[in-house]
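In what follows, chain A forms one complex with chain B and a second complex with chain C.
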Partner chain A sequence: MTLVLEQILNGLQFGLTLFLLAAGLTLVFGIMGVINLAHGSLYMMGAYAAALGAQWTGSFWLALPIGLLAAFAIGVGVELLVMRRLYGRDHLAQVLATFGLILFFNGLLAWQVGRAPLLMNGPEQLAGFIEVMPGLPYPIYRLAVMAVGVLVAVGLWYLIARTRMGMLIRAGSTQREMVSALGVNIAQLFTLVFGLGALLAGLAGVMVGPIRSVQIGMGEQVLILTFVVIVVGGVGSVRGALAGALLIGLSDTLGRAFAPSLLKLWMSGALADGLGAALSSVLVYLVMAMVLVVRPRGLFPMEG
Partner chain B sequence: MRFKSLALAGASLLALTMTASAQVKIGFITTLSTPGGYLGEDARDGFLLAVNEEGGKLGGVPVQVLVEDDQLKPANGKQIAEKWLESEKVKLFTGVIFSNVSIATVPTILEAGGIFVSPNAGPSAFSGKACNKNYYVTSWQNDNLHESAGALAKKLGYKRMVLLAPNYPAGKDAIIGFKRTFGGEVIEEIYTSLDQTDFAAEMARVRAAKPDAVFQFHPGGQGIAFLKQWAQSGLKDQVPMVVASPSLEQKIVASVGDAAIGIAGTSHWNGDLPNEANKAFVKAFVAKYNREPTVYASQGYDAAKLIASGLKTSGEKLDADAFRSGMLKVDAKLVRGNFKFNNNQHPIQDWYEIKAVKGTDGKVVLQSGAKVLENHADAYAKDCAL
Partner chain C sequence: MMRQRGLFVLLLLAFIAVPFIAGALGNTYMITMATRVLICAMVAVSLDLLVGWGGLVSFGHAAFFGLGGYVVAIAATHATQGGDIFGWGGTNEALIAWPLAMLVSAGAALVIGALSLRTSGVYFIMITLAFAQMLYFVFVALKVYGGDDGLSMTSRNLLAGARITDARSFYWICLILLAVVVALVGRLLNARFGLVLRGAKASERRMAALGFPVYRYRLVAFVIAGAIAGLAGALWANLGRFAAPDMLSWLRSGEFLVMVILGGSASLLGPVLGAAVFLILETQLAAHTEHWQVIFGPLVVLAALYMPMGLWGYVRGRSS
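Right after this comes the complex of A and B.
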């Protein structure tokens, strides 16, 4: 029983980590209509900036703002130099250009920082684990990642639903010309939104730095699952991204946790281990297919 | 600093390409991008160091090294080989890191009458019945790595273990190799996926299974993520871990720090092996590239030394039979020490215990210990007709 609870907690934790990445991507995709394959690169740049910052300052807490600022600045730079030229173009041009950005950022880091993975430790205050219930110790750092995920969800909801900027974002996504005609600087607004998306990607990069490998190519590793999350959730919807992330996180984790032992009820151990692994690796795509059959535009499609 | 070393590397490459025309071209197909990129980078730099030390020659023969990135894609490796066979008339190939790239690339080279010397990948597919007189593996047969870890687990007295590896050919080879020498009870085999970044679910399964120890095979970035999460989960202090060198090498240790301390590892090479060739190699590598060599760098260097042994006999005409007789003689001082070729042209060599310890400067480094296996060969050689 404890094991089941622990695995559910693991699933929620993984889901909230996915949400950190998906939130920025869905914001940019939904509001600006741009497919940004380089979202993973922004995540990587955030992690690199933080890891280098941590080596330089010796403190995770100083590295955190360094990573966020770097990701935001790079995001704004990318919007001004590249994305701005892509809004009117079709998705193929966007995919090609942002794929080019992936190669650019990977090359830049290989050249300037080197290919070796970087050392990045979590803050000492969050080391160790606490007993979330009797017999179930859980790493404090992972609980902190979950807390950050929840904070980001609440913060984004507030920003979009309750602030003037959120109103402009919502209006700008569906009625671009009208908002522009009313005297709002749409170009500036989009730069800001893209920067915000990059900041969220950077935040994800900084948060996972201490539990994953900070190295070149780390962005492409997470990109596919992030796209699955926003497609399941409904493209452009932050609420959808949260629901999609939790659904995907839970099904992936529970699949890996229990598929082999469930299969062992019917077949031999070694076969069940192999088949269970194969099954759990396609499980998230099965979930995606089932969601899309019932709700072709995702769980929470954007209105309008 | 980095600019300087890059400029130096560039200059030495340029010097290589400008040497006289009577030179042997060596096609170095390797992985330089993706999270596996640092493996190929180190193998390449180790290889070029050996070429540089001889002033652009190997075994007295002027060589030109062509380097290209396969991006860890089997089709790319094959394409690069085809291109060089055709347009550059390359006959001698090396560099490949990953077994899946090797499996796609090597047949193309051998069918065209070329020679392939592997500095890393040693897939079981080519080490038994399909062995070939123009195919050499200078690193290890894949299973050997994990056989050495299995032997260590047995020596440490572990009886009940959980094994973890990614669900792909080399991951399955790892588990088969480990079981071949371990001999104890395997309570559970847990297969992860190759693109997995979070291992919390698997670690909870390990915690529930309560084994004496675990064995895991996750090379490169996955291994880094695994060790970080293992330490964080608190399992590090409860369940001992045994691994082979791809999951505990110099770069992994440098990027996980304290999380590596206490793990029992095995390798056929380490920076502190006391033979003279190794001392000189480590010193020269650090001087040239301003970083510590990894096991991949040592393998690149040894591959070059063995190719030199072949070229000494064949000369620049590169007759395959003459090259072979030189290769099999192993007229070279390898940095790993003891080495000879088996009948399937894969290594017979020693395996050592290694562990991570805190160095004097507070950095975590790898230290070698007792031999786990001596003159160890692979299980497939008996099926090879050579």
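Right after this comes the complex of A and C.
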């Protein structure tokens, strides 16, 4: 029972990390209508900047702002140089351009940093375990990651639903010309939103650093899962991104932990191990397929 | 159209000349390189049927390519090393294995297409990518067939019992098959089927109003494209006598898309040109520096931003 609970916590933590990525990606798509494959690269750049920062300074708390700032700056740079020219173009051009960006960032890191994975330590203050319930110690750092995810979710909701900038974001996504005619600098707004998405991706990257190794290609693995999250949740919807992220995070983690032992109830051990490994790595895609059959536009489709 | 024919003949002559030039230079690697171009061109032409003509940006085309490769590799493994799959002892005969590869890829395309085509636009891109990734993980997990390491074939398939290990004869086979594929796709595009597909790209609603079941037409296109990619995968596995999960990876799907757009989408021969330029550029850059992606990536970005018509647009002249 404690094992199941521990895996549920792991799943929630993974889901909340995915949410940070999905929220940025879905906002950028919902507002600018751009599909950005390089979102995973921003996550990777944030993680690398933080890992290198931690090596130089020796402190997680200094590495954190370094990672965030790097992701934000790279995001703004990418928006100004490339994305800006892609608004209003067809998805094909967007896919191609952002694919080129992925190649560039991967190549750049391989060239400048090297292919060996980097290790990064979490903050000392958050080291150790806390007993979340009798007999179940859980890493404090992972709990902190979950707390950050929840805070970001609340913060984003507040930003979009309650502030002037959020109002402009919502208005800009449906009535771009009208908002622009009212004297709002739409180009600036878009740059800011893109930078915000990059910042969230960078945050996810920095926080994942101490849990998994920081390496080239980490962005694409998580990008594809993020796509699954967005497809399940509904493109453009932050609420959908949260629901999708939790669903996918939980099914992926629980599938990996329990699929082989569940299958052993019906079949022989070796077969169950092989099939279980295969099943657990495709489980999230099966979840996605099922959602698509029932609701082709995701759980929380954007109106209009 | 005349210009199209002219270029078709020109490209064909260039490809026919390759083995003779390579023979004169005594450079066998050139033939292998050109064979890779032919096979990738085949995938690119099939992908363009979806992307360029159908307006369906599939980001998972490598899945069908890889599936085709695995079918021949698995069949050959059982034929030479014993064992069976679903009670079948495998085969090393191309006339059986290659059509089977097409059939399996077509079957996968039918299932993936049926689900993905329920959506459109950006959903379609993400979903095709996700399903391809799913198949990728299946082959990574399939330890029986090599898992991560891939699956080697001890020899190339036999074609009607004859060996095709010679680089030259294999090149001719690929060239003939590519020519057949291009001719078939070209024929298809000018038939009623192609017109409906192109019409649905321009306006799905109008085609539906005319009474055409757009979904079904698109699904058929998806299956045809998948089958062609499967054949290309079978050839690729034969070329290197090797199939690996890498054949299904999202990176490959992206590369095939780059070939299509670099060459010029919706132009039938543009993707062939794109495949040739892509592979030559990649090999040249990789020969100069290990970090060729740092140069290649920005080139791709520039092509996406400033060459919407692709290379074909320049060949044809910027009339439209």
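Definition applied: the second predicted complex is superposed on the first by the 304 of 304 C-alpha atoms of A that agree within 3 Å, B and C clash if a C-alpha of one lies under 4 Å from a C-alpha of the other, contacts with A are read in each partner's own complex, and residues count from 1 in each chain.
The rule we apply is simple: contacts are C-beta pairs under 8 Å (C-beta built on N, C-alpha and C of every residue); 3 or more make two chains touch, one makes a residue touch a chain.
Computed from a predicted structure; not experimentally measured.
Student: After the overlay on chain A, what do you see for chain B versus chain C, clash or fit?
Tutor: The answer is clash.
Student: For A:6, select first, second, both or neither according to whether it touches chain B, chain C, the two together, or no partner.
Tutor: first
Student: Check the residue A:110 against both partner chains and state whether it touches chain B (first), chain C (second), both, or neither.
Tutor: both
Student: Name the contact category of A:17: first (chain B only), second (chain C only), both, or neither.
Tutor: Touch partner of A:17: chain B, not chain C.
Student: Considering only touches as defined above, state whether A:84 meets chain B (first), chain C (second), both or neither.
Tutor: In the superposed model, A:84 contacts neither chain B nor chain C.
Student: So, A:293: does it touch chain B (first), chain C (second), both, or neither?
Tutor: Touch partner of A:293: chain C, not chain B.
Student: Going by the contact rule set out at the top, does A:256 touch chain B (first), chain C (second), both, or neither?
Tutor: first
Student: Look at A:176 in the shared chain and tell me whether it touches chain B only, chain C only, both, or neither; answer first, second, both or neither.
Tutor: neither
Student: Can you tell which stretch of chain B collides with chain C among 6-14, 78-86 or 258-266?
Tutor: 78-86
Student: Under the contact rule defined above, give the chain A residues that sit at the interface with chain B and also at the interface with chain C.
Tutor: 106, 110-111, 220, 224, 274, 277-278, 281
Student: In the complex of these two chains, what residues of chain A are touching chain C?
Tutor: It is residues 29, 35, 37, 82, 85-86, 89, 91-97, 99-108, 110-111, 220, 224, 227-228, 230-231, 235, 274, 277-278, 281-282, 285-286, 288-289, 292-293, 296-297 of chain A that touch chain C.
Student: Which of the residues in chain A come into contact with chain B in the complex?
Tutor: 3, 6-7, 10-11, 13-14, 17, 106, 110-112, 114-122, 127-129, 137, 139, 141-142, 208, 210-218, 220-222, 224, 253-254, 256-257, 260, 269-270, 273-274, 276-278, 280-281
Student: Report the residues of chain B in contact with chain A in the complex, numbered from low to high.
Tutor: On the chain B side, the touching residues are 2, 6, 32-38, 41, 167, 188-193, 195, 197-198, 200-202, 204-205, 208, 220-222, 224-225, 228-229, 232-234, 251-252, 254-257, 291.
Student: Quick one: in the complex, what on chain C touches chain A?
Tutor: Within the complex, chain C contacts chain A at residues 51, 57, 59, 115, 118-119, 121-123, 125-127, 129-131, 133-134, 137-138, 140-144, 250-251, 254, 257-258, 261, 265, 290-305, 308.
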